[in-house]
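Read through the structure below, which is laid out as structure tokens, and then see the notes.
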Amino acid sequence: MTTPQQQPRAEWTPDHTSDEMMSIAAARALADGTRCFVGIGLPSTAANVARRTHAPDLVLIYESGTLGSKPDVLPSSIGDGILAETADAVIGVPEVFNYWLQPGRIDVGFLGAAQLDRFGNINTTVIGDDYADPAVRLPGAGGAPEIAASCREVFVVVRQSRRSFVEQVDFVTSVGHGRGRGDRERLGLRGAGPTLVITDLGIFRPDPDTRELVLSQLHPGVDVEQVREATGWELTVADDLSTTDAPTAAELSTLRTLKEASS
Amino acid sequence: MTTPQQQPRAEWTPDHTSDEMMSIAAARALADGTRCFVGIGLPSTAANVARRTHAPDLVLIYESGTLGSKPDVLPSSIGDGILAETADAVIGVPEVFNYWLQPGRIDVGFLGAAQLDRFGNINTTVIGDDYADPAVRLPGAGGAPEIAASCREVFVVVRQSRRSFVEQVDFVTSVGHGRGRGDRERLGLRGAGPTLVITDLGIFRPDPDTRELVLSQLHPGVDVEQVREATGWELTVADDLSTTDAPTAAELSTLRTLKEASS
Amino acid sequence: MAEIVSLADGVGRLVRDGDTVALEGFTHLIPHAAGREIIRQGRRDLTLVRMTPDIVYDQLIGAGCARKLVFSWGGNPGVGSLHRFRDAVQNGWPAPLEIEEHSHAGMANRYVAGASGLPFGVLRGYSGTDLPEHTDTIKQITCPFTGEQLAAVPALNPDVSIIHAQRADRRGNVQIWGLVGVQKEAVLAARRSLVTVEEVVDDLEPVPGQMMLPSWAVTYVAEAPHGAHPSYAQGYYDRDNDYYKEWDSIGRKRDSFEAWVRDTVFGGEVSGK
Amino acid sequence: MAEIVSLADGVGRLVRDGDTVALEGFTHLIPHAAGREIIRQGRRDLTLVRMTPDIVYDQLIGAGCARKLVFSWGGNPGVGSLHRFRDAVQNGWPAPLEIEEHSHAGMANRYVAGASGLPFGVLRGYSGTDLPEHTDTIKQITCPFTGEQLAAVPALNPDVSIIHAQRADRRGNVQIWGLVGVQKEAVLAARRSLVTVEEVVDDLEPVPGQMMLPSWAVTYVAEAPHGAHPSYAQGYYDRDNDYYKEWDSIGRKRDSFEAWVRDTVFGGEVSGK
């Protein structure tokens, strides 16, 4: 997954950046004790913040073969030595996918995305209409298609823009809610799919009836118009739209300490 | 596999029993460096004699999950601790069968039998015509069907009698040469099947044309008539029938030391 | 997270009449104490699953706990036959025993499929043998790429799997080393699981060859020192080969077996040394 | 039995133009020294197989060794894109690159099938994604017991697999620990194999978490100290995160990449520290 440069484009308070708000909102979504399959980058940052704040018993699973890693610094790749050295169990890659992911043992799959669409489908393969001659060749699927299929639910964390938040992804790398309600069942996908999408502007949840992603929460200092501007489909806003609590001092210092230690 | 009491029924010299001749003849069949999948009982005894005499680099593989065991006493079961402690690698049981046996990595499968027929098919399941109401219930297949299918060749070691050496087995637990030439290919069995059957009376090899087991070697002091008496089909004797060399003093003492240490 | 309970509670809460139960351990770490506890609690109509039904299942079958046996090799390793198993199959004593018979490779792949959340496993197996004629859980499958015919076997997903391990920590993480057999697969394939251990410790020191089962993959952990006897627990005690020989005479006759159940299982004596 | 040879001899004897070659190592123990040796020996038309084509394959692709890539994730982990890979796919430089694209689960099961002597593997995967439309090595298969539809993928059996390990003994037995990825499967699936190691020692002391490859399962072993750099070798050296970032600028432009090939691969300089 690509890692664009961090651009603090909306510093509405002197206290935190929009990226920090995103990571902290994502961290809060992970309840203590959750078994979380962690993608590298934003998901890994959020999961490690969660483990250091409200969720000390969060179980981190990395596709490189670690169950229950407890890194004391942010791993710079999903295969950092620190993940193996601090794990409850180290296993081979086939076992990760076959014995642990596929049977539905993992509560939350925590994914990033290059493109995400109205129904939470994820593209990390190619930008452009022609697979054989892509405008941009992205890294590809990795573990994501089966993480999105088999985890009990999926959280996506992604920086939001018209480029990343599109009506329909150019390539379905990982299925969210297909083209709407009933599609996952029809496809035999056993997890609930994306139940939460956390961006640098707010939080989206699928509508229970249509499965379209609906803006349900705004981060502090962001207004609906800003979100609409950064959404590539006709935005629906939840009736009970709420505002995210600003990061606490403890959350911020945890996040910053982690980031500093890893840079 | 059942372990009948040892009955030294033909002590033709004061030097060794027929069972000892059988074990030593079986041991000699294992060339140094051979990767041998070892059943417990007679095969394990023979393999361990071989490793201590002419074949120090014999690779012993036990279905309990050990590659390259180097036990210094005879294991009393295929899962003795000594097998794991002295192995080059200890692996799980699924891996033994899937990664090591099935792809044809093992040179010789060394099996016992309760019943063996004219074409080298093995029965370790039931005696009697009715599977649902057997005259004698035997232990069953264990690893044998796939050992017999996938090893490059199979050696069988069995005490010979009209009861054990039958025209046709009551139940095909493990396929030898089916009903004759071409049957293994037709069944998709990739190894060569039983190329050697070692008994307490002599040694049988499959006829290259018919695949019927043919007496090719007599142990010292045994005559063809004795073998015919102990064979449940019309015995064919090889043109170039030879006589097994009597056990050497070194072979006998190795075998006896092993046996004593394990009793 | 695995809860740490007593052996009696673990068996009592998990094993119900009519359940499909797997006690695994391939010659090493056979959960004998749990087997005796199942007899003690009087469970009935169990479908017992095990690659190598040896003494532990001879005891459960003789005590009338089982309705059916799913297996690949039933014997007393290094000694001979299982007399209670034979008596049940040949004479229906103490109850008829239905059997579903596989090879080791087939059983191992059934557990692997079960642990993997797949409905079936594929292997090169059974071809030409008489097993498929009598076992309806063996079918053929065709490779969609090469057209080759292979064997397919359905996943095993026991209601309860029980294994024995060397150690657990107080959070219920389990550590096993030495021959690990098919134990991880048996636990992961099961709906509920019980791991009996030699001891519960504060911290699990790493051991070469260890296999770890995280606490959250196990239902209950129960301390059962010497719980694998007469099999062995590497690092704790050796195999009691004499007991295996002795079992041949205990199990041979119905009355000697019943005396063993009365005295050893219900008399509260510790078996063996 | 594995023969112990030099890295140049190992690569020279095993890797031929047109071969299907897998260099495996999942973030840990990536066989970089062997990758550079393949460039040095000028191999062409290789079908390169690897779950995570990262820097090592960016180098091979940029140097023109590859005709085709079979993979599931191609990026510079923690940094961004692989510019040589992108340039080959988007612009056909230095040569067009055919791709065969899977998910990690699919690739892992293809190696497992290859190591198991099976023609295909089965998984719950790909359903609803656009991958099957573009990858003809993804098919459907029906469970013969339940009727469920699952994905089937063909076995991977590379002509040559190359991995890096911490140690081997003088007989060629290989010891790996830490994250072991899919290396065992890659070696067992291959027709021929080369294991580069940090060092060849007299005796392999057991290490917790070790995976052993017996000598007779490997074709050649070659000593290549620091051979996984810029990835890491647990117990020997850490990941060189700066190198991964530096590669972003080396690989970004064709001329800076060509300078790297000239200076580092052919100039005989040791890359990195």
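By letter and in written order, the chains are A, B, C and D; residue numbering begins at 1 in each of them.
Going forward, contacts are C-beta pairs under 8 Å (C-beta built on N, C-alpha and C of every residue); 3 or more make two chains touch, one makes a residue touch a chain.
The structure displayed is predicted, hence computed values, not measured ones.
Chemist: Where each step is a move between two chains that touch, what is the least number of such steps from chain A to chain B?
Modeler: Each step joins two touching chains, and the minimum needed here is 2.
Chemist: A-C or A-D: which has the larger count of contacting C-beta pairs?
Modeler: More contacting C-beta pairs are found at A-D.
Chemist: In whole angstrom, what separates the CA-based centres of chain B and chain D?
Modeler: Once rounded, the distance between the two centres reads 41 Å.
Chemist: How far is the middle of chain B from the middle of chain C, if each middle is the mean of its Cα atoms, in Å?
Modeler: Chain B and chain C have C-alpha centres separated by 28 Å.
Chemist: In chain C, what residues contact two or more other chains?
Modeler: 112, 117-118, 123-124, 148, 184-185, 209 - these are the residues of chain C that touch more than one other chain.
Chemist: Mind pulling the chain B residues that touch 2 or more other chains?
Modeler: Residues 98, 102, 150 of chain B each touch two or more of the other chains.
Chemist: What are all the touching pairs of chains?
Modeler: By the stated definition, chains touch in these pairs: A-C, A-D, B-C, B-D, C-D.
Chemist: Applying the document's contact rule, which stretches of chain B touch chain D when the two form their complex?
Modeler: 33, 35, 59, 67-68, 88-89, 98-99, 102-105, 150
Chemist: Sort out for me which residues of chain C touch chain D in the complex.
Modeler: Spelled out, the residues of chain C in touch with chain D are 117-120, 122-124, 137, 139-141, 143-146, 148, 150, 152, 154, 206-210.
Chemist: In the complex of these two chains, what residues of chain B are touching chain C?
Modeler: 1-3, 40-41, 63-66, 76-81, 83-85, 90, 92-94, 96-98, 101-102, 125, 131, 133-134, 136-146, 149-150, 171-175, 178, 183-184, 187-190
Chemist: Tell me, which parts of chain C touch chain B in their complex?
Modeler: Contact set of chain C toward chain B: 26-28, 51-52, 71-75, 77-82, 85-86, 89-90, 101-105, 108-109, 111-112, 123-131, 134, 148-149, 178-182, 184-185, 209, 211, 232, 234, 238-239, 241, 244.
Chemist: Hey, which residues of chain D end up touching chain B in the complex?
Modeler: 1, 112, 115-118, 173, 184-185, 188, 212-217
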